[in-house]
Amino acid sequence: MHYHKDAKLFNNKFWVGYFFSQSSSVEAEGRRHYFRYRLRPKLLRDVSKRDVRTSILGQEIAFPIAVSPTAMQRMAHPEGEVATARAATSLGTGVILSSWSTSSIEEVAAGCSPNGPRWFQLYVYKDRDVVRDLVRRAEKEGYTALFVTVDTPILGRRLADVRNKFALPSHLRLANFSTKQQHSSGVKSMQDSGLAAYVASLIDPSLNWEHIEWLKSITSMPIVLKGILTAEDAKLAVQHNVDGIMVSNHGARQLDGVLATIDALPEVVEAVRGSNVEVYLDGGVRSGTDVFKAIALGARAVFIGRPSLWGLAYDGEAGVRKVLELIRDEFSLSMALSGCTSIADITPDLIQKDRFLVMAKM
Amino acid sequence: MHYHKDAKLFNNKFWVGYFFSQSSSVEAEGRRHYFRYRLRPKLLRDVSKRDVRTSILGQEIAFPIAVSPTAMQRMAHPEGEVATARAATSLGTGVILSSWSTSSIEEVAAGCSPNGPRWFQLYVYKDRDVVRDLVRRAEKEGYTALFVTVDTPILGRRLADVRNKFALPSHLRLANFSTKQQHSSGVKSMQDSGLAAYVASLIDPSLNWEHIEWLKSITSMPIVLKGILTAEDAKLAVQHNVDGIMVSNHGARQLDGVLATIDALPEVVEAVRGSNVEVYLDGGVRSGTDVFKAIALGARAVFIGRPSLWGLAYDGEAGVRKVLELIRDEFSLSMALSGCTSIADITPDLIQKDRFLVMAKM
Amino acid sequence: MHYHKDAKLFNNKFWVGYFFSQSSSVEAEGRRHYFRYRLRPKLLRDVSKRDVRTSILGQEIAFPIAVSPTAMQRMAHPEGEVATARAATSLGTGVILSSWSTSSIEEVAAGCSPNGPRWFQLYVYKDRDVVRDLVRRAEKEGYTALFVTVDTPILGRRLADVRNKFALPSHLRLANFSTKQQHSSGVKSMQDSGLAAYVASLIDPSLNWEHIEWLKSITSMPIVLKGILTAEDAKLAVQHNVDGIMVSNHGARQLDGVLATIDALPEVVEAVRGSNVEVYLDGGVRSGTDVFKAIALGARAVFIGRPSLWGLAYDGEAGVRKVLELIRDEFSLSMALSGCTSIADITPDLIQKDRFLVMAKM
Amino acid sequence: MHYHKDAKLFNNKFWVGYFFSQSSSVEAEGRRHYFRYRLRPKLLRDVSKRDVRTSILGQEIAFPIAVSPTAMQRMAHPEGEVATARAATSLGTGVILSSWSTSSIEEVAAGCSPNGPRWFQLYVYKDRDVVRDLVRRAEKEGYTALFVTVDTPILGRRLADVRNKFALPSHLRLANFSTKQQHSSGVKSMQDSGLAAYVASLIDPSLNWEHIEWLKSITSMPIVLKGILTAEDAKLAVQHNVDGIMVSNHGARQLDGVLATIDALPEVVEAVRGSNVEVYLDGGVRSGTDVFKAIALGARAVFIGRPSLWGLAYDGEAGVRKVLELIRDEFSLSMALSGCTSIADITPDLIQKDRFLVMAKM
């Protein structure tokens, strides 16, 4: 897929920087990791009818590809998070709203189609009242799960670097945070431009398993940990009774040199075996066969981050829908050509991990 | 070999698109997979006389390199499939005619030399009468085997994309399908330009092992499954009493990220050991040492797709003959330099799979 | 980090040659070796407070990154070694002064901050009096360890080649060697320009373990062997009661095709297990995650060579400080994002050695 | 070493083609194979005195680097093989004269220094009298071994291709073959220009072990098989009582995709263990560490082909001497930096085969 080549996004250097920034060349590498998993198709199965539906935490989705949270989407398109959410939910899949959205929890909820679920991504703040308020609003507005981002006790260097150079344009705001709220948190006069940096500074670097316990105590929403990458942490997650794990490395924007998510997936899947914890993956998913590989290796569903932004920048709601449809159709085709008619058919024996790296131009 | 650099083909953007299209960069990768298999020559054998003959399904061929089916060859040269078939058979090797040829089963049969066999490639259509008609005509015209393409229950994305943009030029037709036949299939007014897409849509996506049983019941021709890539499917093929397996990934034009055929070959060979099923390979064969490697790893013969098209576009029958002769002579030379005087001498110990990938500019 | 791109250094071809020279492309390769070690972060640990202090030979340093000895630093900046030493020690870390410095042992001692240790790098000369003199002066001036460079019994080819073309500018001198000293060594009239080559020629190519015993007999300073790369030599080092080993390949400037230091580190660490010998590493460390990886694999601290020169050339003392701060802060961040709050937390299970090489543009 | 960049050779397209031709990109690959073997230096050994002498078949050579046979050297320089032979022998090492030299057996013998041995490379011809004549002349002229090239029962494709385009310039001749000799072999009128192709056509493609037995019966010179690459053939060589094996792939000019010689070396060394057969290597040796690696892996000496031609083209005898000296000095340096003082010290534990390929720009 080369849709990102066309994205109008590229005309605006300002947020190209933001949307594309990542720790060194890891994203490029991340893509290459997918190439090492080769497909072993099973042929001569009747694939005339294929069912690509699955569920996340008990809610059906029309296909196993949903949208990861990305901050400040109105920078890419005036309708921002509302357009993204409407695109995903109207196709029957789900969307995770970022804590740092430029559309509010309430605006997005109002804009969603009832066909697909909406979930809320949470950064844990030092001020527990801020967290409590966000959770309460998400519950009230029909968000059905909390995706707690656990890989960001501190903001990664690149993002911080970039932040120094950019300010949220004056007509935009971090819509989930009231100016009043900032003030009560002790900041006297805070211009919108400094708000992003300010909110980042509110993140609690002491984030630990007790926060998870506490979150469970204040909400009935299921809790998914976004950012787990190892078997050790996956086992702790099972012990703490979370409902899901999103294998993620934050799009390679946090820790430089970290595992590629597709490589980390198998050990996490193995570690939760026997529990009810669902495992998802994001990071580097760009084509239908990437989705297929992640599911074969044990993911229940995958999420896309940057591709949804490219679609959004290109053509708003229609652009995001186009991206989701493209990947969905490629995924369905790869099922057909691999002899699978349901998600359950996509088993690990359909994959061979190549002992060799074969370079491919990208 | 750089003959494709010269192919007049390259002057015509229109069908460059068609002939070269493939899923992402997999073909390029496919080539690289050959480099990982290194030759271990045996020296000081008398190689003054070398016999490169072998047989396919009991019929002798002059050397173990034959021609894979490729659709619509009159787009490359006015004599199309007839020129290709004459080139191959006059050299004493075989050719597989595509179902979607722009020369008819009968025209090609008439054009063939009696020196080499002709075989027919079959897509299985929803309308069994269409299949029955094709099979009957192929039998009548002296085709001696059916190569059933099993990797295409649905057409791969790229081909489909490209198809949207191109139409079969108005002076060409899919020669095996009468306009009448289309009509009786329920299509009222069908222009030639839409025929290709139409015929593709007739393919039966429910294609499964029962179709193979049924094909065996309607023909006495041996049946080869084109597109098998795994040991599991190879074992099923043995159980269903097919006569041959062509390890193929459709030139990497169907399923993106699929195994390279040279990597899939050993497990298929191993799976059919002890049966009478013959194993062939196509995909990425470009030089005589590629042929040598595939045979050492257990293929009975290899087939070439694109190289034959390059030859055809370059100089019609003479061009295809030139390509076949070049690869044949390189193959014979690689036998000599490896100490082999017959096909039977080409054993697996002449190959070492490199644990390392060594990049090579191509 | 791209600070070297900006270094004013690049305006002066003359010493670019000297500072960047290395055996073939090994340094570039060296960098790539780091990429093969991927991080396995542990999340949901309270990382709000992190302690990056450690010690070298009993002396505390503020963070585990110190400065390797590099010769003739006044070629990069008028304040040379004094600026480098002040930058490191003022930040609370240590610096190793090269034997071939353009500032003397005494000048550097006077310029150092008391916040961090200074150490002296020794080449062993044929004339033991020269060695004795250097050791005595280093002891007197408060240097607290001897780093004996053992990988240079003879100067590597590249350096020698380059040397033919360059001469130490006439206003500079190898500050630890008096003109008188040269004379008493038998050289009649020696211009400054030839001094470098001359001093190199004084190195004792018979350098062996007995020299180490002898050095121990003439000084009470702890002794670190700089350049050990194998388990075999590490075990001998333990037997000879040295105090530390610096795993180093002299920045890939001596032996072409030698092991990358990050690959050699684990066997050295394993070999000294159970002894009191401390293990450090230099070579190719450019980012905070490189530091993190080396420590996870068992290094007590790492040293940087070229990056400190780039900083020095760019902005003298401030430039070196900037480079050290950058790497220190990245290191602290990588600790936070990996769930570590102290150096002791950085354990081998946080690393996965990739079986595959993934290429990255650098 | 970049001396080939300067070679005047490059001004003449005509024989650049000849001297550089090779099967596809294998030579480039061959070089890369050396990079995978990394050096594990032993330090703190007294390396002040190093002895680089060794012997080949009982004759001392001053260092373990000699010159491989390359045809038609007067195309590179007017003094051709005489200059090359004088350069090598005057340095105390040996040279192998090609059968297809443009200076005769006698001219080269007269030109050699007595300091180093000369050997004769033999292609086995259909006409045994031609062989007998060459062997007799070589014996008479003081050549002390026969290197029988066993990888060329037929000339490789590239060379043949090139040959079609070039003719030996009219002032040159294949000096070991008299015009009369050609005539008596049945060729009526043979112009010099066609002589090369003609002589190639005289090679006996039935070359086999019986020829080796026969050669042993007609000469008392020791026999070395040039071109063996596998353990199987090495064992046969031992059984046939040959005196040496040169692991060679003819500079990757014969069989495309063949093993790199450095990769084939260990199995050949292992196979002859316990016998008196000496093992040498050529192919891709360009630097002193390449020599070091080959010796560590069991070669008694290495030979260089193309580098000697580059030197010859650049500056005749002096150029070849310069190339040999450069590689010799690098080799001696790599011994020093690895802790070796004699050839016997260069043991396999000084090498680590990297499980990873690390790309290097070349």
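Order of writing sets the chain letters: A, B, C and D. Residues in each chain are counted from 1.
We take it that contacts are C-beta pairs under 8 Å (C-beta built on N, C-alpha and C of every residue); 3 or more make two chains touch, one makes a residue touch a chain.
Keep in mind it's a predicted model, so treat the numbers as computed, not measured.
In summary, the pair chain B and chain D forms a contact in which the copies contribute largely different residue numbers, shared numbers making up under half of all those used. Chain centres here are C-alpha means, and the one lying farthest from chain B is C. A rotation of 90° superposes the C-alpha trace of chain A on that of chain C, rounded to the nearest 5.
Chain D has its Cα centroid 43 Å from the Cα centroid of chain B.
Centres computed as Cα averages put chain A at a distance of 60 Å from chain D.
Each of the following residues of chain C touches two or more other chains: 355-357, 359.
With chains as nodes and touching pairs as edges, the resulting graph is a single ring in which every chain has exactly two contacts. Contacts between chains, counted with the stated touch criterion, involve the pairs A-B, A-C, B-D, C-D. Residues of chain B touching chain A in their complex: 24-26, 28-29, 32-33, 36, 150-151, 153-154, 156-157, 204-209, 211-212, 225, 227-230, 232-233, 236, 254-260, 263-264, 355-357, 359.
Touching chain A in their complex are the following residues of chain C: 34-35, 37-48, 287-289, 293, 329-330, 333-334, 336-338, 349, 352, 354-362.
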